[in-house]
Structure formats: C-alpha cells, structure tokens
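Labels A, B, C, D and E are assigned to the chains in the order they are written; within every chain, residues are numbered from 1.
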Amino acid sequence: MGHPVLNVQSVTMAFGGLRAVDDVSFDVKPGEIVGLIGPNGAGKTTLFNVISGYLKPTQGRIFFHGDDITGKPPYDLAKIGIGRTFQIVKPFAGLSVLENVMVAVLLKHPSKKNAEANAHAVLEFTGLLDKAHMPASSLTLPGRKRLEIAKALALEPSLLLLDEVMAGLNPTEVKETTGLIQQVRDRGVTVLLIEHNMRVIMSLSHRVIVLNYGEKIAEGSPKEVAENPLVIKAYLGEEMAV
Amino acid sequence: MSLLKVEDISVYYGDIRALWGVSFSVEQGNTVALIGANGAGKTTTLKAICGLLPLSDGRIIYKNQNIANMPVHQVVEQGITLIPEGRQIFPKMTVEENLLVGSYLRRAKAKRSKNLARVYELFPRLAERRKQVAETLSGGEQQMLAVGRGLMQDPDLIMLDEPSLGLAPVIVHEVFSVIKELARTGLTVLLVEQNVHQTLKIADYCYVIERGKVVKGGHSKDLEEDSAVREAYLGF
Amino acid sequence: MLQLLPQAIVDGILIGGIYITVAIGFSLAYGVMHVIDFAVGEWIMLGAFMGFYLNRWLGLEPILLFPVIFLSFFVVGLWIQPLIHRVLSGRRGNPVLMGLVFTFGLALMIRGIALTVFGFYSHSIPSSLAQGSLFFQVGPIFVTIPLIRLTGLGYAVLVTMGLYYILHRTDFGLAVRALAQHKEAAGLMGVNARRTGGHVYGLYTGISATTGALIGCIFSISAQMGPDYTIFAFFVVVLAGMGYLPGVPWAAFLLGFVQSFFLIYLSPSYTMLAVFAALYLILLISPKGIFGKGV
Amino acid sequence: AYGDEGRNYFKVGVITSLSGDLATGGNVTKRGYDLWAQEVNRLGGIEIDGKKYPVKLVYADAQSEPSAGASAAERLATQEKVDFILGPYSSGVTLACAPVLEKYKIPMITGSAESPIIWKQKFRYTFGTIPPVNYTGSTPMKTLASLTPPPKTAIILGSNDAFSKATAEAFKASAEALGIKILKYDIVPQGQDLTPYMAVAKATRPDIIAFGGHDEELINLVKALRQINYTPKALLMHYGVTEPAFVEALGKDAEGVFGATVWTSTIPTHGEVLWPDAKSYAEAALKAFNVPADYTQAGSSAAGIAFQVALAQIKATPPLSPEEREALVEALEKINIRTFYGTVNFATEGQYYHANVGLTPLTVQIQNGHTAIVGPPEYAESPAIYPMKPWNQR
Amino acid sequence: MGRKFYASISVVVLLFLVVPLVVHDTFYLRVITEAIMWIGLAVTWDVLAGYTGYLNFGHGAFFGIGAYTTAILMVHKGWPFFAASIAGGAMAGLGALIAGIPTLRLRGAYFAIATWALARAIQQLALILDITGGPDGMRLPPFLQPGFFFYVMGGTVLIIFIVFWYLFEVHPFGLKVKAIRENEDGAMAMGLNPARIKIKVFIISAVPTGIIGGIYAYWITYIDPSSTLGDLVTDQAVVMAVFGGLGTLIGPAIGALIISTFKTYFWAYLSDYQVLYLIILGGLIALSVVFMPDGLWGTVYGKIQNARLAGSKEKR
C-alpha cells in the first residue's frame, strides 16, 4: 500500500513552558519493530500518550495507515487497531485476570461466549493462563506488565505500543518476553517499543529512535545508534558503550 | 555476628500465602542480594522485615532483638531503612523537604544537618534542585532522592527494592556506584534487584528466592558460576 | 446602587470569615486522612453548646472559653480517630464512601444524643462583642461592620496562620504533609500514622468546636443545626480543592460574596440557588476546585 | 359492629412529628394532646349520657415526612381502629394524612397545622383549632397602624416555607390595606443569613420590619439587627416570639418585639369544659411538663375538648360506628363552645373551611420578659411600647 | 447459574403475587410497598455507585423530578397516571443526561458533592417556581388503593431488578462498566468510551428512580420540596445500599428491606423513644461500616465462599 503504519509529523507536546516532546517526526513501516529510547524524562511516554490519543499534541500531525488521527480519542484509536501498554500499569484491579482480558477481547468479539474463548487463547499465549481466575490485584508488578501486554494483544491491533514492559523482569524473564514480542511481530503486528534494557533494544529492534529533552537526537539501526556519541553521552554512558 | 537474621517467616495476603518460611541472615557491613523470578516474594520479604506486612509465623532478629510484627515506625527507629519499589517520594514537597522528612526519626534528628550535607555531597544533582517540587524530577533523580531520603534516616541497615527499575543505562550505572559507595562507608546493604548481572558484581553474598522460599544462598562469585542460577536468572 | 458596593464587599468578607473556620479543619482532615466527615456540623454544634453552657455557668466572655473548648474537643478527636482510621484502612470497599458513611452514622448518633441532652429549642450565646458595630459613612457611601463578625474574621485569620505555621515550620507539620501525600512512605520515614492522624483529627475537631462557640455568638444554635454547617463546610472545601488548605480562605470569601451580592443586589429568593449553581459551575470549569489543586 | 367489641374507652389516634425537622413543634402538640387526655381521665373520662368513658391515646410518628404520616394514618385507621384522630403538627403531613382519613371516614382535628392550603382542599373529615395565618396575620399590622406616630414604611420578609411565606403574604396584604408603604418585600431561602440584607436595608430606615419565619430564624434576625445596631420603630414577627426559647435566647434584646398569636396564658377566656380559663390551663401545663404552655399546645388540648364536646352532644359511646363518626363530623361542624383557649367554631365554607374561626387573633409584645397582649384594644393587657427602645439603651 | 437465577426469580414473582392475598391489612401492605420502594431506590443508586464507583449524592433529585413531573402532568395537564409516571422517568433520564455530561468528568468526592449541590439547586428551584406550588407543594387526585400501589411499585421494582441483573451480571455491558470503575484510562485503551458508558449507567440509574418517584407522588397524594427533593431520599438509599453491601444487586435490596422494616416498626410501636432512633440508626450504620465493610451481604456471602473453599480444600 505504501503508507507507513505510523507517520509522526513534527509533533510537539508542551506542558506549560515545558516542551516534553519537541518537533519529533518519524515513520514506522509495516512489520517493523522500532525501539524508542532516551534518558528518563526525555518524553518517550509522552509521545506514546500523544500517539494513542491520551494527549492532544500542541503541534504536528499523526497518521495511521495514511489517515490523520491527530486528536482522536483513545477508544476510537483502539477500535482502528492501536494497542498500547502503560508504563504505570493500569489493571482493572478488582476483576480477574481473565475478565481483564475479556474487556479487551469484547472490542472485536462482542458475544460473551466468543470473548471468553478468545481471552483464554490470549492468556495462554502470554503465559498467564494459570492465573486466569486470580484477581488482577494479586499479580506482582511484572505480572501486571504481562497482563498489560495480554490486554493490548487482545485488541488484535495492527500497531502495538509497548512502554517498558520488561522493566523489573530478570534476564531470563526478559528473554521469554523478548520471544513473545518476536512472535507477535511474526503474526504481522507492527511494534513500537520503549525500553531501557539495551540488550532487548539491540536484539529486537530493526530501527531505534533516540529522544533527549523531547527532541529526536538520533535514528538508525541499533548498531549505529549505540555508537552515536550524542547517544552515549546522553543515555548510555561511557561504560555501556559497545 | 549477624546484624539481621530472618527465621522461617511466613506472610499471607488475605488467603493467599506469599512466603513459605523464608530464612536468611545478613552480616554487619556486608552487601547481600536477594534475587528471584517475579512474584517470588522478594518485595514481600523486605516489607515484612519493615513491619509493613504482618507475619503469620517466624522471627526477625535484628541486633539480638525480635522485631517481628513491630509497627513500621518503630522498626525504622531501630535503624532499618527501606527504599521502596517505585520510589514513593512525596510528590508535592520540595527535594529538601523530602530529605527533611527522612530525618523525622528521633535517631536522626540530631544529625540532620550533617546527614543533609552528606547526601548533597553524594548526589550533587539533588543539591542543585533542592527547591524543586519532587514530582517534576526525572525518574533517575527521583530514585536518587529516594536513596538520599533513606540515608537521612541514618540507617545501620539499608534495604533497596529494585532501585534500578525503569532507569536509563547511564543512571543505572550511577545507582550501582552509589550502592557500592554506601557499602564502602560501612553500611550494611540488603539489595533486591532484577539486574542480576550487576548485582552479583557488587554483592558479597546472595540468596535466591523461589515461590516464597529461599532455595539457595552463597557467595556471589559462586552463584555466578552456578549453572542453574545462570540459566534461571542470568539468561544463559 | 453603587453606594451599596462597599457594604456588599465587606459583608462578603465577613460571611467568608465564618466559613473559613467552618471548613479549614475539615479540609485538613480530608487532606491527611481522606475522610469526608459528615459530622463536621455536629462538632460545631457540640462546641456551640459547650460554649453556651460554660458561658452560662461561668459568665465568661465566650472568646475566653475557646482554649478550653479547643482542648476538650482535641481530646474527643483523638478518641474518635482510631475508629475512622480503621474504617479507612479497610482492605476492601471504597474507603471514601466508607468514611463518609461512617461519619454519617456518627453524625446521626451525635445529633440524637444532643437532642436528648440539649432538647429541641434554639439558644444563643450572649457576647458583649455581639452588641456593637463599627459604622463608617462618607457621603452616600456607608459601611456597617458588626464587631462580633470582625472577631470571627480575626479568628479565621489566626487559625489559618496558625495552621500554616504548624504545617510548614514544624516537624509535626512535615510528618502531616508526608502522611497526606504517601501513607506508606511516611510510615517508612518513622511517621506513626495513627498518632499523627489522631492529632490532625483532634486539631480539626478542636477548630470546629471553637467555631461552633463563635457561631453561637453570631447566630442561634440548636441541637439540629449541624447539617446546615456541614453543607457549607463541604461547599467551601470542594471549591477550594479538597485538602488544599491555601484555597480555603478564597473559596470561603467567594461563597460569602455570592451570598452578599445576591442578597443586596439581586433577588434574595435566589441566594441559595445561586450558591449551589456557583459550586456546580465552578466544578465543571475546574474539576479540582478554583485552583485546580485539590486531591 | 366495629372494632374491639365492648371497648369502654375511646381510642384516640395521635399523629404528630416526634422526630425529623419538625420535631420541636411535634413535641409541643404531643404535650397538648397528652394534657387533655390526662385531664379527661383524671375526671374519669368523657361523660356521655352520665357515664364516663376514659380516653386512651395511640401515638403514631409522622417523622415530619408526608409518606410516614400517611402510613401512620393508615395504621391508626386499620390496625388500631381508633375512634378519631388528633392531627399532625405540619401542613405537609396533614395534607398526606387527610386523604387516607377521608377514605376511612375518621374525623381528625389538628391543633397546630396553620397553613392556609389545608383548608382550601375542603377535606370533610379534617378540622383545625388554630386559624390559618392569613386569618390571624392582619391583626398585628392593624395594631401597629393605630400607634402614634403611625408607622409609614415597612420591610416585609418571609422564609421560604409554607407557613412563613403565608405569614409574610398576610403581613403584606394588611400593610397595603392600611396604607403602609412597603419598601422591600422578599421571600428568602430558609436559614439564610440576613445580616447583609439588613445592613443595606437599614439605609432606608423602615419603621416596621416584619418577618415570617421559624424560631431560630427569628432569633437570628434580632441578633443581626442588634449586631448592625439598627432599631426599627417596630419589629414584628409571628407566633415565634411567644415561644419561651425566644425570650430565653435573646434576653433584653427580645424586649419590645411584636408578635401575633391566638392565645397566651394571660388571655381572658372562659372555658365551659375542663379548664375554666387560660391561667388554670397554663398552671396545669407547667405542673405536668415543667415547660410553659404556648398557643400550639393550647390549641392541641382544645382539639381534644372539641371532640369531647361533640361526642357528648351526639351521645356516642365507644367504639364509634361509622354512622357515629359521620354524626361526629356533623356535630363538629355545628360546634360553638367556649374553652380556656377561646371559642371553637369551625367554618363550614369558604377559604377557611373547617378551620376554627371562633378565635380573636391577638397582637402581643415582649414586655419585661413576658408576652403581653397589646391588641386588639378589647383584649389589651398593657399599652404597646412604641417605638422600640434602641438596642444600646437597654 | 442460569437455572438457579430463573428459579429464584420465579419464587420472588410468586411470592409477590400472593402477598396481597395473604396480607389483608392495608397498613402492612403500605409498609411492604414502602420497603419495596426503598429496595428500588437503593438498587438504582447502587448501579451507579457499586458498578461505576460514582457516588451520586443527588439521587433524590431524580426521585423528585419524577414525582413532580407526574404531579404536574396529572394535575395541570390531566394525563393518566401511567403515562405521567413514565414521563416522570423520562424527565429524570433527561435530567441525568444533562447533569451527567459535565458532572461525570468529576471524580471521587467532587462528583459526590457536585451531584449533591445539583440536587439542592433543584430543590431550591422547586421552592421558587410557581408550577411546582413552591413550598406549599402539590396535591394529586387521591386514589387510595393500597393493593394497586403494591402491584405497581412491586412490579416496577421487580422489572428494574431483572433488567439490571441482565445488564450488569449477564450481558458484557456489566464487564465494561466494571472496567471503567477500576481504571478509566486503562479502559479507554481497550476501546471503551468512559463518558458514554457512564452516561448510560447514569441514565439507567435515573429513569427507574424517576418512575418510582412518580408512583410515590400518586400513592402519597402529596409532594413538597422537602419530602421529595430533600436529602432524605438519597441519604437513606445510600445507607441501605452500604449496609447491605455495595456493588451487588442483592446487597442493597437486603439492606433496604432490613432498614426500612426496622424504621417502620420502630416508628410505629416505639415512637416514644424517637430520639433513640437516631442514636440506634446512627450507631448501626457506624458499627456496620467498622465491622462489615463489605456490607451485610458481602460479609455473609464472603463467609459462605470461605466455608466452601475450606470445605473443598479438606476434600483434596
């Protein structure tokens, strides 16, 4: 079709005087996994909030499969195929894990019976099936992160925005989740991923975008980015440089 | 002699059992790490030590005294400090006020200005931002603030729950060097981390928790070599 | 009509002065403990009756009784708070609602007991301050300032400044603010949530009770007066932003102005309607109070 | 025939608001009904054809709520099967009870509901010993107009409840009729702080300030005027000033306030049944409850007397059959007796249908801590103190 | 669960149909009707509070709007009762729509107090307007058939209950509503429009309340601002729902039944101890919140569940 899945054009998001995202532009092509990195407070989550409709950008436009989606509310974006997770997880605490996922499944499968079957499948895929009937509030933080992924996947999105879903996982668990994301991509889902774990970023992403103080300071293959002196200075630190 | 000895503690969340008789000990002056899969019970263990969660069973011996089920404000008065998961700073207070709350303890009040100077020396970034409202700090700065606030309590034992969570690599590095620095000044450190590689590098001793039980313990170097540990926690 | 303006403004401020003390303790308690206390009016009522009886027995000027009233109700607050603490720290349910319902029950009980003990009739606390006023006139412009209301305003200023001092200049205040912002972290800092909460609640009941005695000098009092003041306390605190103390005086004055302007310039029939409509509209424009700083 | 056969006493239902917003007044009516029952029973009961039948009161609380009032009426009518009913305190509750009693054809006399709207409904089984405010409200204005120098201007206010609003309307109508200029007339929300209003109104220097409201509102208004230091020539309120709480709460500041009432303990009445005059009633009441009696309590006791007399006239013995209750209504309509409370005589047509129009409305004034009748002239105990003494010269 | 549900519904319907045949006493019939009315009010309050977490402290306004609409249409326009009471429900629904769009943006205590202010404003309006009779209130043509009102009130509440049950416990709609209660932002990411769903629930809660108000007006024959638009209706509904247990349909119903019965009997037979009532009711409420934070039903149900769990564990 030629349209990128996501096209961000000169997006600026200002809070009062603070430009949390400052004139950022980039594309995400179908089937890509794109990493988004940058120091704490660089504006990554804010950018996600803009793309997924939680914030209305101060300036700039956003296109999804070629359609202008700037300023559309999150629930409409979810319907057309943008799924996201939250860095500060937002489970439906009083509902069971299964019910949490069912809420998402209902979007595409409005009948209750279908929804339940589908939700089971999603839980199995994400490895949460044994916790299906536990209340979401009893999950630990990483468990909740996994639930975030499950819910976002249950929407059957074409674009998945993942905000630090690996934070708090130990290396082995990180490996599992990395595999999971690869499988998701193999199902044809495009992924935009925020992560501080460079191992993950290096191994998963086709392309990496780096933000610093709201501005895009670098973009390129993982290797290029990791060698970029600006990125090393702002983000990786000398010790981490490859 | 051990500064802290955790003996066979059990904790329930309502009807769900989270700890099944956890035991380990921390020697004076050591840096001890707890590692384990998510949901293993590390946070629960730290909270139980602090008195944030009630024990259903077991003893916690600190400085030869059983502090099990002591209310939290008394536990910290004994010199135990927890830097909680997720930082938990006071969002509407300034950096300095956050630090001052740290010295609310009777044991720390007298040393308030001395400790404050020490924290600012350790974290010059905080000194720069002493009048800034805490919620506007970046994640890394908030983590420094949380550690600084803990130090203001003038602790003998400092427990850190995933201090590197969600931080940029450059900051993660900084956090670990701070922990090393703390240990060097003679503080006893109990560290919970998922960043197992770096943790094993700075810890003297390490315990592995699985499903609410300590399944292994040993010198960090030995564990790093242990093939089961490597597979389960280091991703090799 | 313009010559009435100074009077309207002065009246707005004076009415507001009363609302400040009606609401400020309540706002503090909400900010720290997150309890919407339905009994706020009942504390005011009890304080009013304590003032009434003490004045009758001792013949002292009511203002002089404030320390005794404050201390007595501080102790009462210390006493009640553990129950509220228990309700609010319940694991399940909706704590806001639970606190609200608990204090609602408490309010009914207090009112029932008060009706039994004090009876149904209205009373008034005599005060020499309620006998006079300052009067200024320049040409057609005139202003009357009742002394007792001026005293009320003065008391409000005193309480506001006192609370500010306590919260921002003392360690106790530091602990209170920490507790308000993050309960668990405050505990880790060595703040005893129960005891500190008790002191806060005591401050609140103490301030409310003394306000009751003041109100008894200005208006009539009865065992059934509580809910009227509960309403205004809610009002002010919501306008101010719940738990946001610096907003309380301004919200109180705003409320005072709406009343005095409607009474003086527009139709008095619509005063209450205007007050409620104002609250409603302001919440719509700024959902967290006029300063947007409520919690 | 009907109800517990062989009952040799009268079962009297009492509906009143013992709780809720109107509990204060509700308890006053209860005292009035109780005192009547005590007195009747002390004398052996109601005498019918030479035989005495005691009365037994059965209470039902309307909780100041119309729905509870209707339930109460239903219970008294169907479960308790009372012979007749002594009615509620407020007009709202009365309006909800009355239809139920119409259905069961049980006569009710209320001793205190004084809002005009009840009588406009023309309930056949509902009577009231106290005249509506629009009947009594004009007298004090007439009294004031007759004083020298005659007041020329007035500010009239009413609180926005049924009774107070009707009072203010009555004040307004009579002031207009008497040519007193009304500077301001407003109906204000209940409980409104009127100090700002008065601080401004004082600039127009009204001769009369007249206010319809309930007791705490009246006290508040006097305190407000005291605080802004404005003394009108006459301060007029309605029944509220006759309540002991008014004088007790205000002390010297209550002096000189005018009010209206239909009964005081000093009114020269002559009773044919039970108490011979107001004074003896007041003494009995004080002895029984240790609270001075007011017009509401007196009116409530008088309601009992009205029943008592009507029953004696139709010679009906308990339990009352439906026919007897019908006869009772007819007898009540014709009744015209003198009591300690004044003459009881229910209107049978017009806007006062079944309200007592036998009384003479009185103008009263607080003088030396007591309620003194100052008008109309034939009842006056002492001259009106006029204009009112300034607050700070007391 | 399906069969059990239909069975229990049938039992309730049967019971309901025979009540007037057994209870001849019109007072009891009235008491039962009133209890049913409170069940309706507590349950309609709870669908918003329990299922969306929004504490509506102006619930009584919907009741009052329904009552006044019914009264005005019947008295001034000569409408028949059924049409008028349904119009009352519609007006309440309209009120919910207008009030809900802005207020449902508010959270927690702010919403509670904003709705309460709104209800007060409506009460003030009724006190000032001419068409409502101001403080004098309105009288409706008396139709004093306790049996009729029992069936109308009972039927209405039963329908409400069944519809609510279906909507909130069976249909996926209930799950969506709960998701919004738990986390609005999270729900948006799941494709749910919180504003729209909350408005729907608000209207669903308001319409039946308005109809109940209309029935009340015709039944009691007299309404005025303090009895139908005061805080009492809301206060009682809240207390009943909380006492019974929030977030369920059965809890509030049980709470309403117990408190309403207690109240009636207390008043009917112990009215000499009137002030005691406040003390007892207040104490009951306060203690129940302290010792049964999940409400009566929540606590009992929780105990049963625990016992069952323990039982099944032992078997294993």
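Observations, loosely collected:
Convention: contacts are C-beta pairs under 8 Å (C-beta built on N, C-alpha and C of every residue); 3 or more make two chains touch, one makes a residue touch a chain.
To keep track of the chains, here are their UniProt names: C = Branched-chain amino acid ABC transporter permease.
Predicted model, so just to flag it, every value in this text is computed and none were measured.
Common partners of subunit A and subunit D, by the touch rule above, are E. Following the contact convention of this document, C is the list of chains adjacent to both subunit D and subunit E. Between C-E and A-B, more contacting C-beta pairs join the chains of C-E.
Between the Cα centres of subunit B and subunit D there is a gap of 76 Å.
Centre-to-centre separation between subunit C and subunit D, using Cα means, comes to 37 Å.
Centroid to centroid, with C-alpha atoms defining each point, subunit B and subunit C lie 43 Å apart. Computed from the mean C-alpha positions, the centre of subunit A lies at a distance of 48 Å from the centre of subunit C. Those residues of subunit C in touch with two or more other chains are numbered 115, 269, 272-273.
For subunit B, no residue reaches two or more other chains under the stated contact definition. Contacts between chains, counted with the stated touch criterion, involve the pairs A-B, A-E, B-C, C-D, C-E, D-E. Per the touch definition, subunit A reaches subunit E in the complex via residues 52-54, 73-75, 78-79, 83-84, 86, 90-95, 99-100, 102-104, 106-107, 110-112, 115, 151-152, 155.
Taken together, the subunit C residues at the contact with subunit D in this complex read 4, 7-8, 11-12, 14-15, 115, 120-124, 126, 130-133, 135, 142, 144, 146-149, 218-220, 222, 224-225, 228, 259-260, 263-264, 267-269, 271-273.
Contacts from subunit A toward subunit B in the complex involve residues 37-41, 87, 138-143, 164, 167-175, 196, 198, 234-237, 239-240. Of all residues in subunit B, only 14, 50, 52, 71-73, 76-77, 81-82, 84, 88-93, 97, 100-102, 104-106, 109, 149, 153 touch subunit C in the complex they form. Residues 21, 23-24, 27, 160, 186-189, 191-197, 199-200, 202-203, 215-216, 219-220, 223, 226-229, 243-245, 248-251, 391-392 of subunit D are the ones that touch subunit C when the two sit in their complex.
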